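For reference, chains read A, B and C in written order, and residue numbers begin at 1 within each chain.
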């Protein structure tokens, strides 16, 4: 048993402070992004979610320039960008697509500027890599309370708005007819998404944040049909990906090339992608089997009693 | 500019659907559908949403294999890319954000499936202009197509389908989202095209009424089953009750037709066609 | 500097033309994902000491095919997002192994004015010509599948195949961007000018022409200002794209406002 554990967890894993922090932060963030991300996928806002993450890198680099924690920068600019995308108020798909793209482009332009200034002021390019690709082991312990608090607030908002969000995601007309303030809800949702994306950016980097926001929810929606269940499953898949990623990254110090750890973010992203593919394969096989069975069954029924009275639409 | 008449026996059906059944993911969407359409005939394909109209179109277009039965188009078995058929789909993405004029959409009907950039602009332009005239759309030929009204867009799409000189025109719910006036104009236009150019028109709709003045025959779809014939033959309580597998009434009000689910009629008893005067407030659903 | 100027001009022409179709098809996310994800390939190429163009090309084409394949089985935007982050994740991995990533990677991401050696001009031009040729061949089916995919299908044009072809063209265009505008901002150059042109003109031909002109103006200004200020090219490309589109929208809205009541 000990042997197995030693293979799975490299020595010192459980004693390491950064590992503890990473495990806690990773799990909390994965739960929030899972819950928020389910709606991102249902509402078809993967692009907007991704854009908010990348735009956040401008804020992250600006915050670094001003000596603040990147999280505040990520969040500040992501919320502003969310407001901009919604404010442009374009409801036709093509115009919305373009508007999102241009907000993203402008944000990345700013990121280029700030990262350049970061690099010249601190004469290192390590900042760019940390902001863009994240490093979970470097999340400062002082940020823990803020991260947990933000996550809790996001989860509470999602829980409160759950039914309204679901209804308006399925049909905004239907929701409006029921008296749901669709516009305000849309803005509120984008803001919550901006917070979730920023948390993910702090964990696995601004340009990889999408992996946590879109991956586990899309996987969960393949596995379960109930939206409530999808929230939970997405969170669990996210936690699994992050924790496994941390373990593998920690172990990778002992992999070739020796003495060099592989980035956590890479493992998290790769695992998220793998889960998505596996879920697709599993449901694909199950569906094919089910449809084959039901077709032959209903063929039998149809030939057995041609004039089935219950056939009416 | 005349319709090609390769077929020696012009009286033969342009479309012959014979015993078509379609299974989609374990469900029988169409069951033993059979009907014929003659050249120049105006046929309505009537049924509620989800009754199987679009699936039937996809079968005729060769995009959906049928489980049983056969379809002959112009006397020949189905092929994809059939030049005899023109098609106006229900889902078309025209929004004001696209830099496309009405004439660009029509030109795509001529050769949008070919590779390479279009050559011979003069000839193309002439053909497009002639087509725009034919559907009375010359006025807005150079307007951005996304900014046109629903009726105007529908004309452009009809021109788009007609420019390749088909002999059978399929239109999937072209009247959905049109106001009453535009509805009448589009129907009149289609009827004129059918009559003057001897193009058979098969048009799907959930409401039979706009088509009543011009329709030669109709095919009624309900729960994947069909009945075809003239309006008087098909729109009858017995026929439709058998299709729906439940009792329905057919009401005629001022020359219009209402098909109403009869909630209370005891099974087995056929209520005869009721007069319009007898319509009470307890109409359950309109189809 | 002259090399950069030539390369930037080539890139602008391609971005202008490809961008027209990107905007027409509402494919901004894909146009962002393919060049951006291809960065991972460039990082890998730098790591093993190969020309970054090769790495960009492999990842861009792989990404295009991957998005096409995944998009057939699931939601298209989800497929795009996941393919993108996987490629970027690989990029992060390669970067972490690389010892001399600093400057090279930075210019790949955000572009650099003096970054184009003369032996890279030929491949850039070659890729550009291939792009334009492919778009000329696909022109009509691309238009048809953008407005009425079902009609296209009925006429024997496989919408899937056209989509894959289009993604490959975007991949080719992405590969050209190497250090000129940088992978992060290539898509901005595709969307900004094309969207602006699309809202100002009515016919596709005019829209493509104006889109190319605007892309040229954007890139020339960006390169010139970047050269003078020493700030990254990408910053100017991204900002100019958003600003020009914003101006175009305001202008058309005001024009419509003036004509509507009359």
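What we mean here is this: contacts are C-beta pairs under 8 Å (C-beta built on N, C-alpha and C of every residue); 3 or more make two chains touch, one makes a residue touch a chain.
Bear in mind the structure is a predicted one, so any value in this text is a computation, not a measurement.
Undergrad: Draw the chains as points, connect those that touch, then say whether the picture is a line, ring, star, complete or other.
TA: Its topology is that of a complete graph.
Undergrad: Max contacts between which two chains?
TA: More C-beta pairs are in contact between A-C than between any other chains.
Undergrad: Could you work out how far the Cα centre of chain A sits from that of chain C, in whole Å?
TA: 25
Undergrad: List the centre-to-centre spacing of chain A and chain B in whole Å, with centres computed as mean CA coordinates.
TA: About 45 Å separates the centre of chain A from that of chain B.
Undergrad: Taking each chain's centre as the mean position of its Cα atoms, how many Å separate chain B from chain C?
TA: 41
Undergrad: If a residue has to touch 2 or more other chains to count, which residues of chain B qualify?
TA: Residues 97-98.
Undergrad: Would you mind listing the residues of chain C that make contact with two or more other chains?
TA: Within chain C, the residues that touch at least two other chains are 23-24.
Undergrad: For chain A, which residues are shared contacts with two or more other chains?
TA: Within chain A, the residues that touch at least two other chains are 93-94, 98.
Undergrad: Would you pull the chain C residues touching chain B in the complex into a rising list?
TA: Checking each residue of chain C against chain B gives 23-24, 136-141, 143-144, 146-157, 197-199, 201-204, 206-207.
Undergrad: Quick check on the complex: what are the chain C residues that touch chain A?
TA: Touch list, chain C to chain A: 23-24, 26-29, 31-32, 36, 73-75, 77-78, 80-82, 84-86, 88-93, 95-97, 101-103, 105-106, 109-111, 182, 184-185, 187-188, 191-192, 195, 231-232, 234-239, 241-242, 245-246.
Undergrad: Chain B touches which residues of chain A in the complex?
TA: Per the stated touch rule, the residues are 92-95, 98, 290-295, 297-299, 302, 308-313.
Undergrad: Hey, which residues of chain A end up touching chain C in the complex?
TA: Going through chain A, the ones touching chain C are 41, 44, 46-47, 49-50, 93-94, 97-98, 100-113, 115-116, 119, 125, 128-129, 132-133, 205, 207-208, 210-211, 214-215, 218, 222, 257, 260-263, 265-266, 268-270, 272-273, 276, 280, 284.
Undergrad: Residues of chain B touching chain A in their complex?
TA: So the residues of chain B touching chain A come out as 23, 25-28, 48, 50-51, 95-98, 222-223, 244-246.
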